[in-house]
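Chain naming follows the written order as A, B, C and D, and within any one chain the residues start at number 1.
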Amino acid sequence: MASEVQAFDLLLAVLLLWLAWRALASADLFKAVVQYIVFGLLLALAWIRLGAPDVALAEAAIGAGLAGALLLDTLARIGRAGVRDEARPLRLTRRRAGVALAVVGLAAALVAVLLALPPAMPGLSAEAMAQLERSGVSNPVTATLLNYRAHDTLLEIGVLLLAVLGVWVLDAEPRLDQAEAPAPLHWLVRVLLPLAVVVGGYLLWVGAHAPGGAFQGGALLAAGGVLLHLARPFALGSGWLVRLAAVGGFAVFLLVGLAMLLLGGGFLHFPPGQAGTWILLIETAAMLSIALMLVVLFVGRSRGAG
Amino acid sequence: MNALDALSLLLVGAGAGFFLVGSIGLLRLPDLLSRLHALTKADNLGLGLVVAGLALQAESLRQVLQLGLVWALVLFSGSIACYLLAHAETASTPVEPETRDGE
Amino acid sequence: MAAALWAMAGLVLFSLVVGLLRVERGPGPGDRLIAAQLLGSGAVAILLLLAFATGEAALVDAALVLALLAGVALVVFVRRGGGGEAP
Amino acid sequence: MSLALLYGLVGVGLVAMGLYAALAARHLLRRLLGFNVLGAGVFMLFIAHATRAVDAAGRPDPVPHALVITGIVVAVSATALALALLRRLHARHGRPTLPEDREG
């Protein structure tokens, strides 16, 4: 491999480790959070370097948009006193010695395993590619997510739904009193929101044959929703429409799976000829549902808001 | 290497140089508002030059348009976000002492 | 050509290190966030450079996603106020 | 050094740091950042390992990629719920730490 490439990888590796440590050990938690956001950006570059553009897209959409928004929102809500922490929060004390020792032991064991692994090993590539023709899509990552291991994805949407239910059963938070948004923020939303919808839809569509898919599209849409909420705060109460949309992705996924069972194929076993259509149906419902649920996770329940 | 490639590399190199200058400016300048100024320079010019250089190597019009869209987006949302920050900063704290580090 | 693009990507990555020092020093939340903003556009530039160095078109899509979300963190900060600053 | 080994070592480093912070920190937000870094390290180990199993065209194994995308979404939903719990804890008790961590 050329030396420029190696230098790039080496610099990226050092930066990732340094940023992660600063994100954990900075006394000022606001600084730690900003460093964590930057860490996410560089993580997306690392996924690219490792030949995983689908993962990089998901990381870019979630890491740069939603995760940072959630963390900054929490910092604002717990206020300055809540953010205050010790001067050296991870200092090695006697009480932490055991933890440190265990962690070092685990790391040493993992390094030993890594060094013992041969450079080339059998994986599931061959199997994934052999069935690709019959899977209904031509991007092997999407085929894995929505065909070979569709039950994983179904349960993952279930986890997201549970997180939303968890936020909904908590008591409402006081609404942050915000001044009227300045006009440029409205311009920003007016441009970014339609673009997020278009690019989200594009990612969903392109996911069938190239990097992209329902999560990446959904996360992007959700970031657009968060921006809209910041410009004109809205409440996402528990009206039936919101509930229906939140459950929709999981429900469509489950119903399609059961329909396959009734048609004789087995749960979530798509007949090869129609697999593409079913996958597109599931992904569309999943994307809208994921986007809504991620926005609900940001907006939460606020007292006195609708 | 033909002339087009050379020009393209020159532009990309100038763009990368602007990123370096911009981040050094961010590091050396004394206060938030002048740093905002350095940032917008690095953003707009650095990325703009990189995009222009790469556009010379694009294989299709679609690629050129995509590159242009990326640049326009960063430019637009970057300048609005910076405006909002400057606005909030000057509105809430007229005199800003340099003692806000939490450490 | 690809090697030169890689070298440029490395140069931009290096300039991000300089920007990171501003995240580290602050002093205010705004200073840290504008440095993060610069790092975001740097990441976009690196993705575009790598897209052309490797010929992988999906990287332009990733750059597009990052460009769309470039201002989100700053907007959240300005609208919410961070760490108890007056909103 | 191969990509798999370099990024694998980064993954181990992230796992170690994240785990230490998640267990040792007092402030719950810091613990949560620790969990997230730990998760990123595990993802990194997966994706780095996938480059050891390339197909004929030189592409890495797609199955770990799909698992990690699932993992990213699960991680962000868990983080969001944990942050919501943290804010309630802080609102009720005025401190963002667990009861057993409150001395000193």
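Things worth noting here:
What we mean here is this: contacts are C-beta pairs under 8 Å (C-beta built on N, C-alpha and C of every residue); 3 or more make two chains touch, one makes a residue touch a chain.
Note that this is a predicted model, so its numbers are computed, not measured.
Interface comparison, A-D versus A-C: the pair with the greater number of contacting C-beta pairs is A-D.
Note on chain placement: the centre of chain A and the centre of chain D lie 12 Å apart, centres being C-alpha means. Each chain gets a centre from the mean of its Cα atoms; for chain A and chain C, those two points are 19 Å apart.
For the pair chain A and chain B, the distance between C-alpha centroids works out to 27 Å.
With touch defined as above, residues shared between interfaces to two or more other chains in chain A number as follows: 28-31, 73, 75, 77-78, 81-83, 185, 188, 192, 195.
Touching two or more other chains at once is no residue of chain D.
Looking at chain C, residues 14, 16, 26, 29, 33, 35, 40, 57, 64, 68, 70-71, 75, 77, 83, 85 sit in touch with two or more other chains. Listed by label, the pairs of touching chains are A-B, A-C, A-D, B-C.
Residues 73, 76-77, 80-81, 83-84, 87, 101-103 of chain B are the ones touching chain A in the complex. Within the complex formed with chain B, the residues of chain C that make contact are 1, 4-5, 8, 11-12, 14-16, 18-19, 21-22, 25-31, 33-35, 37-38, 40-42, 44-45, 48-49, 52, 57, 60, 63-64, 67-68, 70-71, 74-75, 77-78, 83, 85-86. Interface of chain D with chain A (complex): residues 1-10, 12-21, 23-27, 29-30, 33-34, 36-37, 40, 43-45, 47-55, 59-70, 72-74, 76-81, 83-88, 90-91, 94-96.
Listing the residues of chain C that touch chain A in their complex gives 3, 6-7, 9-10, 13-14, 16-17, 20, 23-24, 26, 29, 32-33, 35-36, 39-40, 43, 46-47, 50, 56-59, 61-62, 64-66, 68-73, 75-77, 79-85, 87.
The touching residues of chain A, counted against chain B in their complex, run 26-31, 83-84, 87, 182, 184-185, 187-188, 191-192, 195.
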